[in-house]
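Take this structure, written in structure tokens, and hold onto it; I'll ask about it next.
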Amino acid sequence: MNANVARSNSGIFWMILALILSFMVGVAAENKGLLQFAREHPGDIRMLLLQHIQLVLTAGAVAVCMGVPTGILLTRGFMRRYKEFLLNLLGICQTVPSLAVLALAMTYLGIGKKTAIFALTVYALLPIIRNTVAGIGGVSEVALDAGRGMGMTPLQLLLKVELPNAMYIILTGIRMSIVIMVGTAALSFKIGGGGLGDLIFTGIAMVDTGYMLTGAVPTAALAITLNWLFGLLEKWIISPGLIYDT
Amino acid sequence: MEVIDFIVRNWHEILHRAGEHAYFVAIAVFIAVATGVPIGIWITFNRKAAGIILYLAGIMMTVPSIALFGIMIPVLSIFGSGLGIVPAIVALVLYSQLPIIRNTYAAIKSVDPSIIDAGIGMGMSRMQVLFRVQLPMALSVIFAGIRVAVVMSIGIGAIAAFIGAGGLGHYIFMGINQSYDAMIKTGALCVAIMAVVADYIFGRIEYRMVSKGLRTN
Amino acid sequence: MITLEHATKVYPGSSSPAVDDVTLHVPEGEISVFIGPSGCGKTTLMRMINRLTPISSGVIEVGGKNVMELDPIELRRGIGYVIQQVGLFPHMTVRDNVATVPKLLGWNKSAIDNRVDELLELIGLDPGVFRSRYPRELSGGQAQRIGVARAMAADPPVMLMDEPFGAIDPITREVLQDEFLKIQWQVKKTIIFVTHDISEAIKMGQKIALLKDGQLIQYDVPEKLLTAPRNEFVKSFVGTDRALKRLNLLRVSDAMMTNPVHCQAADPSEKIMEYMIGNDLQFLLVTDGEERLMGYVNLYDLRGHRGKVGDVVRPMTITVSPEQNLKEALSRMLGFDLGIVVAVDEDQRLAGILNSKTLFSVVGDTYDERGGHWGNVTSKGRIP
């Protein structure tokens, strides 16, 4: 218990340090006139931020709802023959860069938010499915054996043994997906998805640093925050017996 | 199909851009390995540093690439290299640190302590244990990290075209601007193929890196 | 060869020492066993010798030199080190594993190759087959053998072995112990052997150091530990069956009655029968003309029989050799209804006979506690 307290104490220390640094950077930025745009258009920024979050969460929710069950299916006995092949396929698909996925989606589905969400979902599916399969596959064979021996039905086994034990890896996969999606959603501006990417791309094109930073900083902050929040969620939900300290 | 048309007509330029792309990815990964592996080795000796560095590298990975490129521009403009290859390479090096450092660290640490005890007990110095026992055993996992870095860099490198780094991303962005589907598809396809092929090649290298004694098949 | 004087180890933050003022000397060419309950400090003590665990106070000398004055790496290269988990390097072939220390010492390739083959043969593994195998292709027993070979590669005069056979199944363990003793007989290294198994200690050690809570309780030859335990702890650690354990250390030849009464197969039955009746013998051993054991005769078979004893002789199925240890002999004796066991040499010639009286007296002789002789206890119940 003491170690945990100590660790969270030092974590808080670093966070405070980071906040102070950001403040200092902010002051410097202010001096350079970089924050001017931000101050003048808070409404726009808020709207884009919300758009961005909406993109990420929508795509994320769909990806989880589709991905986790698919992953579970792939680990079932009857899929054994196809599992290897499908996993390899998934692996290959995962190597395809996000920009390529977005671009290809656009050429076939046109521009717009729906396309963006579609592409984001597809891109997020892969790590989620992969981690679900890996997580369930990693459940100790001994535990499964004990469950079967106690008379659990396959469904009970899934809900009471496999899923709880796989939760850590599955949640990590979802967390990773969401973080990646924040970045990909920024790119999706280019295919009509909106979001903070608008500010970033336009800012770069116009060589207006203030403009660009107004997009870049919240995007980065959003990613880091979501990552941290999800990390807390993981620690909260998952039984301490299962947390692996990497 | 227009895509094939496009490719045939412009294959020279496509090859050139592919070369550009491969070029800055290669430089970035090379630098990342040169810094990442030694750092990874170093933190196996220093617990505290390990925590800090892995945490920082992890945060690095969370930052969306386009945002990082954006931030690089003003920062590197001070040195006169705001746009082009340099910010791209810097960003790629930063992104590649996590997979390389983490894999190096984890692989070296995962060597069974009794093997290390045997090594020291026999009269190996700490460095000899590191270089003769731990590193050879860790090689394939380190290479897996490099593979991840390469594939990731190819993907992020496509985005770097937007800040003037060249490469295959150029076709994607240009194609979107001009609403030229064939160009977009070419760009997307080429990048995708490059990523998949690189993944495969490095996968084979990784397989060969595993000492015969450690292969489990 | 190895001397520990007041060796003490205190871990920081711990109130009691892990090793508390241990003084002992291991003569050259002998195996000393460190044994004791878990946490008694036996492994810590051993690891202080090659400085894997730094000593807190006291002096340890190897070959007359204080280990603290030597370069630790040079020291360790001159001491063979074998651990329970073996610790073979999985990414190296058997050959490279065994060659580790010679390589560190800079031997040339052909010298190394020869040495590796020599060692593989010594431990009973075909060099042609095993040289290029990998640890994951080896069985537990093979791996442990190679671990020993690796420790012996540079021919160090001293070896430290920490429960080397602990992780092996009992059958293989016995084989490995026997083989190791055979090798040690040839190479005569000074060895410190840590174990928690008292039977292994008795078998392997020329001297045994029994430790408890970091302190040396008794350091003696095995017989003394069994017959003159210093206190209750030693007594109970050695086991309440220590008399039986003592049997392990004695041979049939120590306890058998030589030249037992017997007759030859060619002797006439009536004469033998007369003799047996006159001397109150129910059974009698029978040999052939060359004193080779043929079996025994039962008095009843001889009654009314005319002819040679050899006609009615029954075969003696269970025999022992004079070299065997008494524990095995007692086992055989218990299996054979007559309460005796006969000892014969390699040519089946009668060597002696063991019965419970001779066996017990020779074992009992060495004990301090003496009993009297109970005489003829029958099962007649309470005296009316």
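Order of writing sets the labels: A, B and C. Residues in every chain begin at 1.
Methods note: a contact is a pair of C-beta atoms (placed from the backbone, for glycine too) under 8 Å apart; a residue touches a chain by one contact, two chains touch by 3 or more.
In this text, all values refer to a predicted model and were calculated from it rather than measured experimentally.
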| item | value |
| --- | --- |
| Set of chains adjacent to chain A and to chain B | none |
| Maximum centroid distance from chain B, chain identifier (CA atoms) | C |
| Identity of the most central chain, Cα criterion | B |
| Distance between the centres, which are taken as Cα means, of chain B and chain A, whole angstrom | 20 |
| Distance between the centres, which are taken as Cα means, of chain C and chain A, whole angstrom | 64 |
| Whole-Å separation of chain centres (CA-atom averages), chain B against chain C | 60 |
| Partner chain C, residues of chain B touching it in the complex | 112, 114-115, 117-125, 128, 133, 136-137, 211-214, 216 |
| Chain C residues within the chain B interface of the complex | 50, 52, 73-79, 81, 83, 85-93, 100-101, 104, 134-136, 147, 150-151, 160 |
| Residue numbers on chain A that touch chain B, as the complex places them | 34, 91-92, 95-101, 103-104, 106-107, 179, 182-184, 186-187, 190-191, 197, 200-201, 203-204, 209, 212-213, 215-217, 219-220, 223-224, 227, 246 |
| List of chain B residues in touch with chain A within their complex | 54, 59, 61-71, 73-74, 102, 106, 151, 154-156, 158-159, 162-163, 169, 172-173, 175-176, 181, 184-185, 187-189, 191-192, 195-196, 198-199 |
